[in-house]
Amino acid sequence: MSLFDDLIPTLITDTPAQGRELAIMMARKTIATLQPDADARASLRDDYANDTEQLLAAGHIVAVEFQTIAAANNYWR
Amino acid sequence: MSLFDDLIPTLITDTPAQGRELAIMMARKTIATLQPDADARASLRDDYANDTEQLLAAGHIVAVEFQTIAAANNYWR
Amino acid sequence: MSLFDDLIPTLITDTPAQGRELAIMMARKTIATLQPDADARASLRDDYANDTEQLLAAGHIVAVEFQTIAAANNYWR
Amino acid sequence: MSLFDDLIPTLITDTPAQGRELAIMMARKTIATLQPDADARASLRDDYANDTEQLLAAGHIVAVEFQTIAAANNYWR
Amino acid sequence: MSLFDDLIPTLITDTPAQGRELAIMMARKTIATLQPDADARASLRDDYANDTEQLLAAGHIVAVEFQTIAAANNYWR
Amino acid sequence: MSLFDDLIPTLITDTPAQGRELAIMMARKTIATLQPDADARASLRDDYANDTEQLLAAGHIVAVEFQTIAAANNYWR
């Protein structure tokens, strides 16, 4: 059993929009895995959401995850 | 329903130029999703647009999104 | 013989969730290879887990490793 | 109509060299789109061209854009 | 003749583990090429191995090199 | 005519080693294009070669360029 079983049962989505949501979720859950302390994450969140450099870093991760998901879905062609 | 439904109905575009616009839009909307407070974003925008490091970080994200979109469109060959 | 033999016998996994776990493990083991001193790593871990920039950097690596693993598994289609 | 119509009518080029030029131009035009004020860009340019970290960041973007263009051209094989 | 001839005669490896070793070696040798002075590298190594940001940067490079090697080996399927 | 014509007549190389050399050269020439003043580059070089963060950034670019070249050569299989 994996803690990701419920989160990522599949990379296949009906639409690009749902693929985008999945990309954002995957990026977030990885951070939660790397820093499992919820309080620590909460205190870090303020730094992050008000620092454009970090928002850009997060946006970059989402772009990479989405690249994977889009390929998995054959780009929803 | 996904908040991206209206934004990214498809990755297919008629031209490379439209693909580039989509890449920029996708990058922007991710940031807006990560920092949903419009006032916070507005105050962050000044930092960002006048800091070459951050402009480069944003340009990098656009390049990655465009890579996905270009593949989706079979490179408009 | 390679020190990775036991860690990465294969890139093939049954599910996306297991692929995600593998991605995280691979990212971690690389760092352990680059800094083999366990005490040094332990003292570095605090910096890392409480610094959103570094958590994002780690999340980015996981996204890249997962991209490889997902392709290896033909995206678990 | 897109502001990129004249800039990127196609990703197809005759040679790798022209593909490289296109990659550099695409990277530059994205920055111009993100910071449309020419005076602001001019004042930022000094920072950028004399800061190796930023030159490297720009070189990285060019490498990613070129990856897309090279794939589009089937690597000019 | 290339100084890499002995280092990278092929990208093909028997196992994913050997591919991982090759990825790490390739990343290291590139740095050695960019800074050929061994003493300078030795003095830089302390900075690097005790700085999580730099360990993460190195881990990121290994992930990218591994992506190439994994594709070359058709993912050892 | 393009200033890259002599530098990158083709992405095809006989060996992985030559592909690696090409990747390094391409990364270097891009920087030279972005900062064409040779004196400025010379003064920047010291910063760069003695700063592990920047060496890593350069190594990352080489990894991305090599990924493109390796694909172009069908991984020298």
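A few remarks follow.
A, B, C, D, E and F are the chain letters, set down in written order, and residue numbers restart from 1 in every chain.
Going forward, a contact is a pair of C-beta atoms (placed from the backbone, for glycine too) under 8 Å apart; a residue touches a chain by one contact, two chains touch by 3 or more.
What you see is a predicted model, and the numbers here were worked out from it, not measured in a lab.
Considering every other chain in turn, the ones in contact with both chain B and chain F prove to be D.
When chain centres are defined as mean Cα coordinates, C lies farthest from chain D. Simply put, chain E must spin 60° to overlay its Cα atoms on chain F, rounded in steps of 5. As a whole-number value, the distance joining the C-alpha centres of chain C and chain D reads 32 Å.
Separating the CA-averaged centres of chain A and chain D is a span of 27 Å. The mean-CA centres of chain A and chain C are about 16 angstrom from one another, to the nearest whole unit. Multi-chain contact residues, meaning those touching two or more other chains, occur in chain F at positions 53, 57-58, 60, 64, 67, 71. Taken as a graph of touching chains, this assembly forms a single closed ring in which every chain touches exactly two others.
In this entry the chains close into one ring whose order, counted from chain A toward chain C, is A, C, E, F, D, B. Taken together, the chain A residues at the contact with chain C in this complex read 2-5, 7-12, 26-27, 30-31, 33-35, 37, 40, 44-45, 47-48, 51, 53-54, 57-58, 60-61, 64-65, 67-68, 71-72. Interface residues of chain D, counted against chain F in their complex, comprise 15-18, 20-21, 24, 49-50, 52-53, 55-60, 62-64, 66-67, 70-71, 75-77.
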